[in-house]
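Pasting the structures in now, so scroll down.
Two complexes follow with chain A in common, the first pairing it with chain B and the second with chain C.
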Partner chain A sequence: MADQNHDIALMAHLMRRAGFGAQYAELEERAAKGYDATVEELLNPEVNPHGMDLDVAERCFIEWSHQTRGVPEYFAFRMINSRCQLEEKMVLFWHGILCTADSKTQSYPTSYDEIEMFRELGMGSFRDLLVGISRDPAMIFFLDNCLSHKGAINENYGRELLELFSMGVGMDGEFNYTEDDVKECARAFTGWTIANNVPGQPYGRYHAQFVYNPEDHDEGTKTFLGETGNFNGEDVIDIIAKQPATARFISRHLYSYFISDEAQVPSWMETPPKDPETIKMLEDEYFRSGYNIKAMLRVLFHSDAFKNARFQRVKSPVETVMGTLRLVGDWTEPKPGFEFIFDEMKHMGQELFNPPSVEGWHTGQEWIDGGTLVHRINFTADFVGDVNQPGVREIIDRLADAGPVISPEQMVDTTCLLMGHYELADETRQMMAASLEKGGTIHTDTEEFGTRVSELLQMIVATKEYIYA
Partner chain B sequence: MVTQTEIAPVTFQYSHVIGRQEVRSGNGFFNPVAITRDDNGLLYVLSRGTETPAFFPCKRVTVFHPDEEEVVAEFGQKIPPEDADDTTPNGSFMWPTSVALDSQGYAYVSDEWLNRVSIYDQEHGNWIGMWGIPGDAPGEINRPAGLAFDRNDNLYMVESRNHRVSVFTKDGKYQFGWGGLGDGDGQFNLPWGIEIDHNGDVYVADWRNDRIQKFAPDGTFLMKFGESGDGEGQFNRPTGVAVDKDGHIFVTDYKNDRVQVFLGDGSYVTTMRGQAGLSKWGAERVYLDPTIVQARNRALNLQEREGAFQGPIAVEVDDDGHVFVLETARHRVQVFSKQTAMFAGEL
Partner chain C sequence: MTATKKDPVLVVLQMSGAFDALNTIIPYSDPLYKDYRPHLKVEPEEVLAIDDKVGFHPAMAPIKDMYDEGKVAVIQGIGYPNPIRSHFRSMDIWHTAEPTKMATEGWLGRAIQDLDPNKENVLTAVNFGRGLPRALAAPGVSVASVGNLETYGVLTGIDGEDQRAEALDIFSRMYSPMVGNGPINDYLSQTGLDALKGADILRTAPEIYSSSIEYGGDMFSQWVKNVAQVHTAGFGTRVLYTGLNPGAFDTHANQPTSFAKLWGEVSRAVNDLYQDLKEHDANQEVVMVLFTEFGRRVQENGSGTDHGSGSVAFVLGDAVKGGLYGEYPSLEPDKLDEGDLKWNNDFRQTYATILDKWLDLDDKAILQGEFEQFDFIKK
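Then we have the complex of A and B:
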C-alpha cells in the first residue's frame, strides 16, 4: 500500500509537471503501467494518439477549423484534453521562450502556424527548432527581421536570438557574445522575410508565408563567435547550437519549467544555477544527443532532482486553470462559453499569445500578487465547489467508499490524496479537520456529504500549498 | 452525321462572389454555415458567428438577392453563452446549424446546442414559434444539423448526435426516421447536410464516414459513394450536398477545401476549387481605406490565395444552372454557372 501510494504520488507529480495534472483514476492507471513506461509515452506523442475528437471540436467551434479566430482557445482546449500532455506542455514552454505577441502580429492563422511548428519540432533538435523559429512568419514580423536588409540591418531579431532564444547574455559572470556578434548575426539573416500577405479585409486573415530573398541577403564575409565565413542564417544557428552557453541556457530553462523555479532569466549571467549538478547533467545530454530536447527531457524526468522536487514550483496561471479543469473533468467536450476560461487565465496574469514582452512571462513568485491570487482562488474554488462536476463527484464517491462514517482527519488526508497527493502543513491540516469536526459526525451516505466535500475542496485550493505544483 | 455517345462534358464558369466578413449586421456574413433559396431567387445565409463577447450580437440569417447583391432582410439574434439554457429567449440562437424554407416561405432554423427549431415569418423575419424536445427517443432531437423540406412540407432533419434522419411535420410532429451509429448502409456517423432532389430522394452528408448516402423518401437505402481521402471521389468531412435538375450532385468537401461534382450514380465528374475576386460588399470596405488597397496591390499571389475555397461548408443550386458555394472561413458565397456542351445536328 505504501509503495502504491508512493507510485501514485510520483505519478501525480510527473503529470503536474509533464502535463497539466490528472484525475486519480488516470494516476492509478498510469502508476500500474509504471513510471518509465509513462515517461516514454509522454516523450513519444508521434506514436501515442492524442485521444481527442478534434474534428468534432472544430465542428462545434467553427472558427477553429481554419484558424481564423479562437486560436488561443483551441490551444487551451488541447491542453485540457490531449492524451499527449507533454507535447502540449512543451508547446507552452516554447511559447513562453520563443515569444511573439498577437497584439503586434494581429494574425491568428499565423500564430497557429507557429504553435504547430512548436508541436512538430518542440521535442526534436534544438538546432532545427532555431531554424524553425527563424523562418516563422510571426517571429519575422514580431522582431522586425522583415525590416532588416542588406546594407541596412535591423538588429532586433539577431539580438534576441542570442540573448533570449539560445545563449543568454552571459554565464558564470562572463558575456556570451559581443555587440559585433549581434550585428553579424543580423547580417546573416538578411533576406529571411515574409511575403506580402493578403490583407484581412474583406475576407478575414490569411496565413503569412516565409520567403527567402537572395537579392536582399548580405553575401559578405562575417565573423561570428570567433568563426569567419560567408554565413547565412542556418550557418549562424549551427555555430550557436554548439556553444556551451546554449546548453546552459536551455538546461536552465528546462530546469526552471519542470523542476524548480530558477532566478529570472535576465539575472542568469550573474546568478549561478541553484542545482549545478543537474544542470551539468542536462548540458552533457544536450551535446551527447546532438542537441536533442527529448533526450534531455528523458534525463530530466529520471533524475532524482526531478523526482524529489514536489511542490517546488509556483503554478503558472495556465497550469492553474488547466489543472483545475482537468481535476474536475470540465470542458472534456465543446460547449458554449469557452471564452470565459481564456479570460480567467488573462486575469491571473497570463494571456496566451500575448506575453508582456519578447522576454516572455516572469515566473515563480512573480505570478502572485494580491489581485492575481484572488482570481486564482476564486476560480479554483468555484470549480471544485461544484458537486455536479464529474471529477468532484468522483472524489465524493471515492471518499464514501471508506464507509458510512468518515473521520475529519481521514477525510482531509484522503481528499488531498485524491486531488493528486497534495501535502498540507500540519497546522493547516489540523485546522481543516477542526472545521469539519464542528459540523458534526460526517456521514458519507447523506446528500449533505457532497456539500461538505466540496467545501473542503474549496478550503484546500485556497491554501498556500495548492499554489505550488 | 454527328454522333454523340459520350457523356456531355460539364464545366463551371465563375460568375461572382457575394459577401465579406461582417461581425454584426449589414452586407456580409460571419462564419456562415448554411444556405438556401426561396422561389423568388432570394438566398438565405445563416451565420454561426463566434463565441467572442466583443462580437455580440453576431449571429443572424441574412436574406439577399444574389444578382443585385442587396440585403433585403435579417433576422435572428445572438445570446451570450451564459444564457444558452432553458431560459433562452425566443428567436435567439446559440449554435445554429441550418435554415430551410417551407412552401409558404417560412424559415426554420435548427440550433444544435438548444436542440430546437425556431420559425420565422417570411415578411420581416419575426419569430413565430419553435419546437423540439431534447433526447434520443423517436421524435426527440439531439444536435440537429441539416434541414430540408419535401414537396409536402415534411421537414427532414439530420440529428448528428443521434446519427439519424428524423422526419417531422412543419409544426414538429414526428413522422418517421432512420439511421443509427455505424458505417453500414443506412447508418451514420455524425451526419451533417441533407438535400432532397426533384424526385423526392434524400441525400445525406455522412460527415465522419466521409461519404454521401442516398435514400428513397421513406428512408430506404439506395446508394452511397465516397471514402476517406483527398483523391477524386474521396472526402475529408463532407458537410453539404445539393442536387440540380440534371441530377448532378455537388458535395462540399470541407476539410479538403473543395467542391466535388458527381453524376447521379455517384461517379466523379470534376472538382471546383474556387475563383473569388473582390466582392461588391468587399469593395465597399476595401475602398474606404487606401492602405488596404495598397496591401492588396502588393500581396503575393493575391488572385490565387484569395480565390481559393476556404472551408466550403454548404452548397445550393437553382434550376438555371447556378451553383452557390458558401465558405465559412471566408464569409462569402461564390457563384458559378454550369456550362454543358450543346451539340448541333443529328445525334
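Then we have the complex of A and C:
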C-alpha cells in the first residue's frame, strides 16, 4: 500500500509537471503501467496522433483561423484534452521563450502556425527549432526581421536570438557574445522575410508566409563568435547550437519549467544555477544527443532532482486553470463561454499569445500579487466547489467508498490524495479537520456530504500548499 | 492655510478602445474638419465651444460644466514617439511609460512604492475592474483589485454566512508565516493576509457611505461610485484606478451613436464623482486624469474611424488650473502623420507634472527620464 501510494504520488507529480495534472483514475491507470512506460509515452506523442480526436474540436472552433478568440481557445482545449500532455506542455514552454505577442502581430492565423511549428519541432533538435523560429512569420514580423535589409540591418531579431532564444547575455559572470556578434548575426539573417502582411489591420487576417529573398541577403563575409565565412542564417544557427552557453541556457530553462523555479532570466549571467549537477547532466545530454530536446527531457524525468522536487514550483496561471479544468472534468467537449476562462488566466497574470515582453513571462514568485492571488483562489474554488462537475462527483463517490462514516482526519487526507497527493502542513491539516469536526459526525451517505466535500475542496485550493506544483 | 492638509490623491480613468480625439475636442471652425468628416461631423452650433476654434462634443456637457468652473486641463495633441496603432501595445506604453521597449513595471506601481515605501497600508492603491492594469504593477506592490466592491473578497464562492466566516478564519490562520515551508512561504503569507485584510477593510466602504448622488447604471459609473466610496471612507488610499472595458471606444463603425452614448455616460460619471466628493468635503485632495491609448484616423471611413495616433487627455479637479494645454494638431494634409493627428507633447510630460507637482514624488526617477512639465497644477 505504501509503495502503491508512493507510485501514485510520483505519477501525480509527473503529470503536473509533464502535463496539466490528471484525475485520480488516470493516475492509478498510469501508475499501474509504470513510471518509465509513462515517461516514454509522454516523450513519444506520435503514439497518439494529436493526442485526441481533432475532428470535433476543429469543427467547433471553425473560426480559429481568423477570429481573435479561436486560437487561444483551441490551444487551451488541446492542453485540457490531449492524451499527449507533454507535447502541449512543451508548446507552452516554447511559447514562453521564443516569444511573439499578438498585441503586435495581430494575426491569430500566423500565431497558430507558430504553435503548430512548436508541436512539430518542440521535442526534436534544438538546432532545427531555431531554424523554425527564424523562419516563423510571426517572429519575423514581431522582431522586425522583415525590416532588416542588406546594407541597412535591423538588429532586433539578431539580438534576441542570442540574448533570449539561445545563449543568454552571459554565463558564469562572462559575456557570451559581443555587440559585433549581434550585428553579424543580423547580417546573416537579411533576406529572411515574409509574404502577406502580418497585422490584421487594415487588410484582414491571413496566414503570413516565410520568404527568402536572395536579392536582399548580405552575401559579404561575416565573423560570428570567432568563426569567419559567408554565413547565412542557418550557418549562424549551427554555430549557436554548438556553444556551451546554449546548452546551459536551454538546460536552465528546462530545469526552471520542470523541476524548480530558477532566478529570472536577466540575472542568469551573474546568478549561478540552483543545482549545478543536474544542469551539468542536462548540458552533457544536449551535446551527447546532438541537441535533442527529447533526450534531455528523458534524462530530466529520470533524475532524482526531478523526482524529489514535488511542490517546489509555483504553478503558472495556465497550469492553474488547465489543471483545475482537468481535475473537475470540465471542457472535455467544446462549448461556448471560453472567453471567461481566457480572461481568468489573463487576470491571474498570463494572457496566452500576449506575453508581457519578448522576454516571456516572469515566473515563480512573480506570478503572485494581491490581485492575481485572489483571482487564482476564487477561480479554482468556484470550480472545485461545484458538486455537479464530474471530477468533483468522482472525489465525493470515492470518499463515500470508505464507509457510511468518515473521520475528519481521514476525510482531509483522502481528499488531498484524490486531488493529486497534495501535502498540507500539519497545522493546516488540523485546522481543516477541526473545522469538519465542528460540523458533527460525517455521514457519507447523505446529500449534505457532497456539500461538505466541496467546502473542503475549496479550502484546500485556497491553501498556500496548493499554489505549488 | 488649513491646519491639516490632506494627502493628495490621484484618480485614473482609462478610456480603453481609443476615443476619437477629433470629435472629443472638436476644431469646429476649421473648414478641413467638415471635409474629413462628412458623416461624423458635429455641427458648429452643437459644439460646446471653449473658444472660437475648439469645443467639447455635445455629450460632454457635464465635463464642460467643470471646464467652465476652471477645473479641467485639456491636454491637446498628446501622444508618444513612433506611434503604434495597436490597442494593446499602445495601452502598454501608457502603462509602463516606456514607448521604445517592452517593460513590465507600471509608472503608478513605482509611484506607489514611493508613496508607501514601508508597505504600511494594504490599500495605498485600489483598482476597480477585472484584472490589474500593468500601470499599477511593480515588485513588492500589493494593489487591491476589485471587480465588485459589494462582493469583493477571498473565497466569495462559499455559500452561507457562517461557512464563509469559518473559511476566512481558517484562511487567516493557515496563511500565517508560521505555517508551511514552501519555497516562497513568507511572501505568500504576506500577500494572502494583505489581500484578506484589504478585503476586510474595503467591505466596510459601501456600508458607511451615503450620498445624494445617483450614479448611472453602467459598469463604469458603478466603478466610479466605488472610487467615491473608497476615497470618502478614509482608508488612506492614494491611487484609485478604473476604466471602461477593453475596446469600448473602438468605434470603427456606427460611431455617432456609440460615441455619444459613451461620452454621455463617462462625462456624467466624472461630474457625479466630483459632486459626490464635494458633498463629502473630499474634493480638494483629488485630481483625476482621463486618458485613452491613441487617437483615431482624421479621415472617417463612412460610419466610423480607424486607428490613429495623436490624442487628447484631461486632468480634472480643484487643484487643476483649467484651460487648454499643448497645441491642437494641424489638420492640413501635409501636417498629418500618415493621416493621423500629429502629437506635439509626450504623455510623460503630463505624468511628470502629476507626479512632481501633485503627488510630490520624484518624477525623473519614476519615469526614468526628464520630461518638461506643464503648469496645470495650482501651486
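Assume the second predicted complex is superposed on the first by the 452 of 469 C-alpha atoms of A that agree within 3 Å, B and C clash if a C-alpha of one lies under 4 Å from a C-alpha of the other, contacts with A are read in each partner's own complex, and residues count from 1 in each chain.
Convention: contacts are C-beta pairs under 8 Å (C-beta built on N, C-alpha and C of every residue); 3 or more make two chains touch, one makes a residue touch a chain.
As the structure is a prediction and not an experimental result, all values here were calculated from the model.
By the touch criterion stated above, A:195 is placed in contact with chain B alone, chain C being left untouched. In the superposed model, A:314 lies in contact with chain C only, and not with chain B.
Applying the stated contact rule after C-alpha superposition, one finds that A:427 touches chain C and leaves chain B untouched. Once the two complexes are overlaid on the shared chain, A:339 sits against chain B while remaining clear of chain C.
Applying the stated contact rule after C-alpha superposition, one finds that A:131 touches neither chain B nor chain C. Touch criterion met: A:209 reaches chain B, while chain C stays clear of it. Ranking chain B and chain C by residues of chain A touched puts C first. Shared-chain residue A:347: touches chain C; no touch with chain B. Contacts of A:54 after superposition: neither chain B nor chain C is touched.
Touched by chain B in one complex and by chain C in the other are residues 199, 201-202 of chain A. Contact residues on chain C toward chain A in their complex (touch as defined above): 84-89, 92, 101-104, 122, 127, 130-132, 134, 137, 139, 141-145, 153-158, 163, 166-167, 170-171, 173-176, 178-185, 187-189, 191-192, 194-195, 198-199, 306-307. Across the complex, chain B is touched by residues 55-56, 59-63, 65-66, 68-70, 73, 195-204, 206, 209, 211, 335-340 of chain A. Here chain B touches chain A in the complex through residues 19-21, 28, 31, 33, 48, 50-53, 81-82, 84, 94-95, 113, 190, 192, 207-208, 237, 254-255, 276, 278-279, 281-283, 285-286, 289, 292, 295-296, 298-302, 305-306, 310-311, 313, 328-332, going by the rule given at the top. On the chain A side of its complex with chain C, the touching residues are 101-104, 106, 199, 201-202, 260-261, 311-314, 343, 346-347, 354, 356-359, 362, 364-366, 368-375, 377-378, 381-382, 385, 425, 427-428, 431-432, 435, 438, 455, 458-459, 462-465, 467-468.
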